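Paired with chain B in one complex and with chain C in the other, chain A is shared by the two complexes that follow.
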Partner chain A sequence: MVQVCVGGNSVEKKIYVHLNYTVPCVRLLNATHQIGCQSSLSGNVGVLHVLESEDNLDWVLKSGPNPPYLVILESPLFTRSIMMKLKNGSRRVAGVVVVAPNANPLEAFSPHTTCPNENSGVYSEDYDPALAHCNVTVWNPFGNGLAYEEFDFPIFSLKDDNDTHVIRQCYMEHNRAVNGSTPQYPLCAMQLYSHMSAVTNTATCMRRNDIDFSISPEMVCDPLGDYNVWASTRPINNTAKGHKMWESVVIAAARLDSRSFFFDIAPGADSGVSGFVTLLAAAHALRNATQEAPPNRTILYAFFQGETFDYIGSSRMVYDMQNNQFAVDLDNVHSVLEIGQVGLHTESKLWLHSDPVSRKNSSVLFQVRKLIENLQSAAGGLNISMDEPSVSQPLPPSSFQRFLRARPIPGVVLEDHQSAFSNRFYESMYDNAEYLNISYPPNMTPEEQLEFVTDTAKALTEVATMVAKALYMQAGGSEPQLSSIKADAQIVTRLLYGFLVRSNNSWFQQLIPSDLMSHLGKPTNFYVGVTQQSSEPTLLVQHLLANLTGSTVNITQENCQNQREDENDKENKHVGWHTQREGFCIRSTVRLSKALSPAFDMREYTSKDYSTWTESRWKSIKGRIFLVASHDLEVNPSPHRVKDNICKADLTHLPSCNGLKGE
Partner chain B sequence: MTAAVFFGCTFIAFGPAIALFLFTIAREPLRVIFLIAGAFFWLVSLLLSSLVWFISVQISNKDSAAQQKGLLIFGVVLSVLLQETFRFAYYKLLKKANEGLLALSQEETMPISIRQLAYVSGLGFGFMSGAFSVVNILADSVGPGTVGIHGDPQHYFLSSAFMTMAIILLHMFWGVVFFDACEKQRWWAVAAVVISHLIVSCLTFQNPRYVASLVPTYVILFLMGIWAFYAAGGSLRNLKLCLTCKDKDFLLANHRPR
Partner chain C sequence: MLQGKQEPRQITMNLERLPNEEKLSLCRKYYLGGFAFLPFLWLVNVVWFFREAFVKPAYTEQLQIKTYVKRSALGLLLWVAVLTTWITIFQHFRAEWGEVGDYLSFTIPLGIP
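Up next, the complex of A and B:
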């Protein structure tokens, strides 16, 4: 009887080392393209190679004797030129692993395109051809567009920890070519699984979703989307949708989401968090003033989700307003103030961007000038200076552009950059707390860190005070109240800590209902995700906004959950209720509105007007390393190789041979 | 490590046994039945020994490596003794069954001799033992990786396959010698079979020093083969006649009746 160990499949343990923390890049599809990465159904196997420099690519692409290779890149080598070369040599490349560094790199890195949301903003050929396609200003000059390329091998990201150490050691022992000699078998290899079910474009995958062959139909993709969070200073009747007489609304907008090259990592510090934290603090600062001396117009705070992917949230809200599906409609909107990226203001200077085309209309110009005057005077006495960029410069990518697409509304977008972004890590995994210079003195407990007011928090508090005062004046509020409007630096620093450092802290735990507590803990991820899964930021912002703008009411928990003031109060049309832990109830006007692109409701999956982004589904995402003992890594031909053979044999008219572009 | 290793190791381990089955057993239904029954008896012995093993592991101290190693040695010895006990039990069962078969059948001679039963039951034990030794390992050999990332020696799959082949053939030889010894009441031969089984099983504790475990096993295989040959009634004269195709008994026995 051969000796067999007790406990688990010990033969498998002798062969494979499973990787614990694997972050893949996934496939996203829109009306015309598919982007992201794909692996074969049974995983991609490749011999490990740690890339030393760009010249070393020759080994992988031409001279290495044991293709296919799985290339391990340190983050400085994760550049567009190397990735494009690997993409072109994909027959010899089985996959790429990027080792995420512990500190941000020195050089800029942005996987987004140079002109974000180019075709879904307001600047098109019809509106003003001179301003379309970033002809005047290239907003994201450091963008290398990697996140919008299509790769047919898997790309994973690993942290620089034990697993990576094992990988490097395995490579050093077995795979290194010493003095020009070829490395001998057995060689160290890795297998990565990230097979994506959807292909080609959104129309194809939504059609395949509808195929009903079996009892349990297989879905292949899901639309991206979530919920927008909105609230108003005066309760607006939400059951009666459409135009409201005598209601004039000033919209204060910010975006919630962000993204990066890899799935589910999106710290979004400057591109998202700085904006909505400022707006939350401004809403809190306005709470008392708007309740004691309500201004003429209502201020509507709107936090949009999905803006990274062709303005999912704001396009949906504008669509709802146009079709009388929202509490107000576009005729009620007086003006818009949007808070963009405000976290990096060097020399404390902020810029007020507005749209040059709509300003040609004199009444719009008048309103915009008034709004800018309000902002300038609100900044008086604070440590901020504000300026306007040149008159002919268009708006940066912002949710306000979707409102302008519907009709010329006066509005201003607040940013920390004059022309191109000052954010060097726009929509990348390095746009984190470290980039905003949020640092704490050493040896602090998490509770102390939560309460410590950082310099960044102080700066953002000034901005929030300025925004609050400007909104109050824009809404027609009276002068005497202005001096009492001040944002609370404590709140701002807690918000920054909670969203950028650690969401599982005592303040958030007080605000979130206990049944949703399990969502906290991991670093907050601002990727919008698919509609079925509500994302953590939406939840947090909803409850935070309720807490910061609402008032506590002393009623029983049951009444609170049934949204009534007492037993006699059967109707309750325009306020929302929240239950909190430790039994207190808050009455506020916070609501969620669906942020799903109208293209999916109208079933126009090739729409050019609305976002058509979907995310593919997958079965399993994992990776493992092991030794291989012969050069026949794949005895059975993989579908990849079969496809290549078919494509070579003059059947190139098949769609799969032409790079899978649907046009 | 891909399909090549999988098929290679399967054929190494089971090749000789399957060849023996196809050429000598597959045509006779009675032999097939007794082979399967023999396999079942081995399975029951494994069930009992694994029950004892499972209980003793639960009772023991899981953290102490020395205790676990001692437990393993105890498990191996117990299993060998149980297997041989069941071989003896099968022998007794077959003796009883033979008398019954004789009463039932209409011919005057026994349809299957005790020597054929010895061979067939030994092979049955061998098949089942080989299956349990190697199928787990074969399942893992299909994947892309091979043993070695933690420093284990590389020839794990190959050595397991060769060991399994040796064990299957050894079971067959032990069966022949054992039954013959029981017929002639030679208890020292029975003890020799048990002791050689114990030696071969304990040689596997030498793994991963595969040479130290495989070479002695094959030496014992060779010696047991010669012993079984003589125990089954073979001799140098028979061998010469068979090899030069002049053995009249053999030719007559394979003559098809008209």
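Up next, the complex of A and C:
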């Protein structure tokens, strides 16, 4: 009996082709469920099958002679009905690979649920049963809920490039059943590894994290979270927490994060970027006015992280405010203006959403009316028209809902949709620059693209100007200053380019200190990630906000890093100092506040009030393809025949096959 | 091999060469030792002395040895029954027991309940 030693590297290279770019779907857990995908510890092996249509599923699920199959789906077939059928037939399904297209599909696709954050917002049975669970408006009608299903096989995503073409060719040559004949061995197969360590729910995995007396204590999951970025127009003493006398604050909120079905892919163009870019531009527009003629109230810009997963950031900030752990508390909050999804306003129309239940209180109603009036008058002279949706419609999913859960505060959420989202790709990998129509003329260098003002940028600049003026009026600013408040389209287009096209550009490089430069990648990933790793968007927004709202100070780098004006300065001023590249220092009020769900601090892992999302840990994620021989060969192996077959297939462009051609 | 009264210690004990009193004392030691939560001693007792107790022609100490072997077998069966029951229950229900199951486990498998 000839024995083939697979352990040797050179033999391994002749048998397996490793997949370069693999994006898995990972397991996430909350108080009651686990969602996502799981593979077996030694990887799932399946015979490749490129699914041609939904009827072709019959081959995979019933009639195919070589189960288990690894199904390759082109993106139009990645639908709920096909995935549910595959989920039910999971004994014959080893895994699924989705080929991500190069251009957005035509049909809507949203893997999120139809009613995002349904149990963690303000609309519950106690608040108003008629408005709970999206009874009045289904916010995300295109949502198929795939991202919240549990699959017991791995699901990977591959780009539509040469490697994927090789895989399709392999299928065509070896695995395809022609004219009803069964395909003969050897067959093309793929193995996917994405074994997740955590199971059941957050309480179980956090308990297993903590167990002391096992031989090798292993962490199995981590809570999701990051940092919120906040800044104020007037310095607020951050060392003295709790209520501040005589301080009245208008909160301008936006959310930073997004997600998609697959891990670490979350372009979040309309759902996140459009909102916070508008707020950044508005903060920049207000810089001069708030310094020269400071209004009565302080404006607090808040960028929340983790909102996709049951409002991690905003629930933490409200919790801190309630427990005197934040610089101000809820009594100091005058009103809230939140910028939601504003990237897709068709016919330049924006909608001002407010909460119908709190408006029943006359003083809250009065303040909301004033805020809406300020917004409407701020829009005068700009190319935007604004309207309110019907009075009885609840608020869309927004961070402001967590503030309302604590107490009735007047507030408005600015959105580009009247009732259901106009975003057809909410929280999916297609919510990208292409969807927002950010396009550049051909043959432009990256530098030119950075400076080119797109139409989307122009539209968002108008919105930013409007928001800035409205905030200024809401904070009690004086009329004459209003005409000087204008958002800069150049800044907006650079922000959009940096966050949606390419973050490694010259403007961002100037702002980020050199030791953090390596974090910049290609399209920014807005997935909130686990608390241990601070994510790229938080870092970028922190430094951008400092640059856009702060002022340059002429001090040495060492003093800047030590947060002092010069050697003699021992006071702890209420501002922060940021080093930026090229040796200049910015003084600003930008701060980070922890965005970790209070459920983890209080150790209530089954909490119904706060987010309990955690992400499982894993050992290795990879995939490889190879030809699998029939079972008879396993008894009487003939390695020469198998090797020949691999190289005769269209894998011959592999360098390892060149040596064999002569044999 | 070696003849004579004083024989060097061998790795495996050869019961043939022992006088009957020593066989009885050995059997007793193993029987008593098994009560210290050591059922394997009883297993050894049963296997080793089975021949002595039931197959060989009778001699004075054989009755005692027979009693010890029978009792060891009984004890062994009891242990096997208890352990089998407990192991079956634990393997089946550990996941459902949640916290208790985790605290009773020495190593918890990753990725499966």
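The rule we apply is simple: the second predicted complex is superposed on the first by the 617 of 663 C-alpha atoms of A that agree within 3 Å, B and C clash if a C-alpha of one lies under 4 Å from a C-alpha of the other, contacts with A are read in each partner's own complex, and residues count from 1 in each chain.
One rule holds in what follows: a residue touches a chain if its C-beta (ideal position, glycine included) is under 8 Å from a C-beta of that chain, and two chains touch if they have at least 3 such contacts.
Since this is a predicted model, take the numbers as computed values, not measurements.
When the shared chain is aligned, chain C comes close enough to touch A:Gln38, but chain B does not. Applying the stated contact rule after C-alpha superposition, one finds that A:Leu627 touches chain B and leaves chain C untouched. When the shared chain is aligned, chain C comes close enough to touch A:Thr200, but chain B does not. Contacts of A:Arg208 after superposition on the shared chain: chain C is touched, whereas chain B is not. Of the two partners chain B and chain C, more chain A residues are in touch with B. Of the two partner chains, neither chain B nor chain C is touched by A:Leu106. Of the two partner chains, chain B is the only one touched by A:Cys188; chain C is not.
Per the touch definition, chain B reaches chain A in the complex via residues 1-5, 57, 68, 72, 76, 79-80, 129, 133-134, 136-137, 140, 143-150, 152, 154, 156, 160, 163-164, 167, 201, 204-205, 207. Contact residues of chain A toward chain B in the complex are 1-4, 6, 9, 11-12, 14-17, 45, 170, 186, 188-189, 191, 624-630, 632-636.
Listed in rising order, the residues of chain A touching chain C in the complex are 38, 41, 195-200, 204, 207-208, 211, 214-216, 218, 220.
Residues of chain C touching chain A in their complex: 98-99, 102-103, 105-108, 110-113.
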